[in-house]
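Lettered A, B and C in written order, each chain numbered from 1.
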Amino acid sequence: MLPLSLRIRGLHHQYDENKVLHDVNIDIVRGEIVGLVGPSGCGKSTLLKSILGTLTPTSGAVETFEPGSSDGQRVTGPGRDRGIVYQRYALFPNLTALDNVAIGPKLDETSYPFRVFNFPAWRKLRAQHRERSAALLKKVGLGDALDKYPHELSGGMQQRVAIAQALVMKPAILLLDEPFGALDEATREGLQGMLLSLYEDNCAARRAGEAPPYTILIVTHELNEAIYVGDRVIGLSQYWDWSGDGFDGPPGATVIYDRAAPVYRPNAPKEYEQFMAQREQIRGAVFEPKVSPKRGQHVDFWEAVAAEPHGIFACDV
Amino acid sequence: MVRAPLASRWVWLLGGISVLVLLLGYSWISHGQQLENPNDTTIPSLAAMLDGLQRAALDEDWLWVDTKATGYRLGVGLLISVVGSVLIGVLMSSLSALEALLLPPLTLAAKVVPTAALAVFFALVGTGTELYITMIVFGISPALTLSIYLAAKAIPVELIDKAYTLGASHMEVIWGVVFPAVVPQIIDAIRLAVGPAMVYLIAAELYLGDEGYGYRIRLLSRRLEMDVVYPYIMLLAGFGFGIDVLLTGLRKQLCPWYVEG
Amino acid sequence: MTIRSTALFALALVACDGGDAPSSTPATDAKPAAEKPKVTPVFSLAWSEYPSWSTFGVAHELGLIHKKKGEMGEIEKKWGVDIELKEADYDTCISMYGSGQVDAAALTNMDSLPIAVTKTTVGILPTSTSFGADALITTKSVTELAQLKGKPVRGLESSVSQYTFERNLELAGLDAKEFTFTNADPGAAAMAMQQKQDGFEAIVVWNPFVMATLNKRDDVHVLADSKAIPGEIIDMVVMSQSSLDKPGADAFAHAVIDTFYTISDRIENEKTRDETLIKLGEKFAKLDVESMKTIVDQTKFYKTPEEALALFGSDELKKVMDTVVAFEMGHGMLKAKPEIGYGKKGGAPTAAFRFDGSYIEAVKSKK
């Protein structure tokens, strides 16, 4: 069993009488890129907030794992082990791109007294932070925009900075909440390609025997995007067959679909036929109100990957 | 066509023309008054006002004494207000308990007319410099605090959550993330507060001062020496304008990232 | 044309008919076209709350003068003049008069002089003189004026308060330069002293602040007041020469004077005294009858035309004005030394300020 980065067990949530999430169980292995899809109202944002820690679920637990550790840390609030990139309001408007990325290490590793009273040491540390941040920004393709303010950057560039800002913290998992929804097609594709290149780095690390650096959960509306970018797609839905399980009313959304998705190389042409079939499968299972699959019907990721290693599981081969 | 742009030389020209019209219009009214009564001083000519200013500045020491007195009161009053309002406004926006506690009294206090409450302050703090500073602080701090509070609250919660994921402590979120992002709004709110601050200060000086612009204006108005009073009023307007320019410049320096509107 | 004139005639009928008593018919209401309405001259008087000036407020209450333009009370109708009464605080009255917004104002002789330098002013009626109405109030521990040397004495600068203070110093043989008279609004100074605030152990104020302070604190007393200088601070109604030159000005002056004496008579008359004092009190700081009686004593009314004319014609007045002018010149209140005239315009054509009793004469003879 490969090391985990995130574990969700028995997560239920309801707002007053409104049951939103029911018994959500997800394990995410270090180095995966998981696409999370679901119809509106299925509780994707509730689930995301539970992982992020800005919401306490009615019951259940979320745990994260540092690399090399098999002890999970329970999530009680937002922390540096879970990074987030939102669709909008991505960056601090009063900081340049470089400072936006460098502010993470600054906030995490230093305190006011240190910065004020030990200024020489802080200066040195700050230079290191800036170097690290510059390197990361270059990696996401923004080497030339280090000194620009967010209002001077295009939407796509802002999201790249936001991703770098989150990744510089080396979180156990990076959460992307519909990050490319406000962008045009071409920009979106560029950013998707950037995520795929991160995945390549994951595989390279695995092959070298190191922990893959980037674990990503991307929540998206776009089925194409989930299949293209992710090596695994999880579908959350309230449209499932809960009759006969002893519920009085709709118990809420749960994981209805959990299967591997093909791994693409960045810049490789998208073969639409390849994922058309999977698209239709997901749509039917997850999005169609009239179709109510049984709970385990499309959930067979672990069995499949045990039988035939795929994606990150197949890297050390 | 609505909002069709105008070449900048026309903007300057038209602005200049309207100021000129104002000056000429005033001179005409003044001239008319002089014809009716050559000794009249209630609408002095521009030349007479210049003489008056000279008298206040050079013959007497009025101008220097008054500027020092009024200036000190305004400066200290503004300083205390700004520091207090920033502290409370930013903290209010971040701590829900503080917000619930302070929002009702601040909203009410912002509606109290300080000039009407002058007698109350007078009873509480006497008639020295403390009175003027109290008038200013009480007059502008509630509204200033509320402006800053609202600006800080307008920061998207996403940025605050994000700051926590970047390892920020609570203090760092408040002072390292929220506060720097609202500095331009703080400066703009201060700019708006300077006018009322001057109004309250001058009102108090009119009533109780023994030096300062308000005092001098009242004293000389009783003697109908408008050739000094009007220049004084214009100087006050000039100072207000000057402070505004300084603050705008400060904002541009400190917040190069800020885009208005 | 026929249609138009018919329509106009119909309109005129409707206008005549609207709101009339049911008994009148259109025929009796048709007016002859040639009658022109008479133009009643309009004049304005600014007054502030003060015992002898609040009489004008009472005049409105009693229906003698209606304070609004366009409405006429008894005395306005008697003299054929429409008077507008404007109540404001004292400083505002000064600026209203100085800028020509009103024809006449209730001012003291002291405050009229600076204005008179630029705007020829005529005193047409003396209403009262301060006889204790302006007072220096100190804590009882201060028993002599000399004890106040170097201590702050608070009152309105360049006003009757400062005048009262310095004249009292003069009479006691003291030099005003050794004393610090510091500006403060009389109302504020009185309040501060009542609250026992620092720096307000000696104030010079006028009524009603004098009475209010004495009532509110047991440990203060009047150390000096205008009783020492009777007839020096004269409360008056003054009018600008330019307004006097307008048609109907005489009627206005007469009406104002007539009003004052009418009310003064009512105060003197046993039967109407209390009622009038109550009304006066309402217009003056809401004081009760007993307080008003004291006030009226301290603000010695010039109750009859005879008293007023005696004042205007006296030699003492000339001496008083010399003292007042000297005081004001010494304090830089006057741009130039004003010439003071006594009598009608012809007798003192270049006087900046004139005491003219001819209007009082006219009212007296008509009575």
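Here is the rule we go by: a residue touches a chain if its C-beta (ideal position, glycine included) is under 8 Å from a C-beta of that chain, and two chains touch if they have at least 3 such contacts.
As the structure is a computational prediction, the values presented were derived from the model and not from experiment.
Put simply, the chain farthest from chain B by mean CA position is A.
Distances from each chain's CA mean to the overall CA mean are smallest for chain B. Chain A and chain B have centres, each the mean of its CA atoms, that are 50 Å apart.
Mean C-alpha position of chain A lies 85 Å from that of chain C. Between chain B and chain C the centroid-to-centroid distance comes to 38 Å (mean Cα coordinates, whole Å).
Listing the residues of chain C that touch chain B in their complex gives 91, 94-95, 98-100, 111, 114-115, 117-119, 157-159, 182-185, 188, 191-192, 195, 197-200, 242, 333. Residue ranges of chain B in contact with chain C, taken from their complex: 36-37, 39-43, 119, 122-123, 126-128, 207-210, 215, 218-219, 221-224.
Of all residues in chain A, only 52, 54, 77-80, 82-84, 86, 88-90, 92-96, 103-105, 107-109, 111-112, 149-151, 165-166, 169, 171 touch chain B in the complex they form.
Within the complex formed with chain A, the chain B residues making contact are 156, 158-159, 161-169, 171-172, 175-177, 180-181, 183, 255-259.
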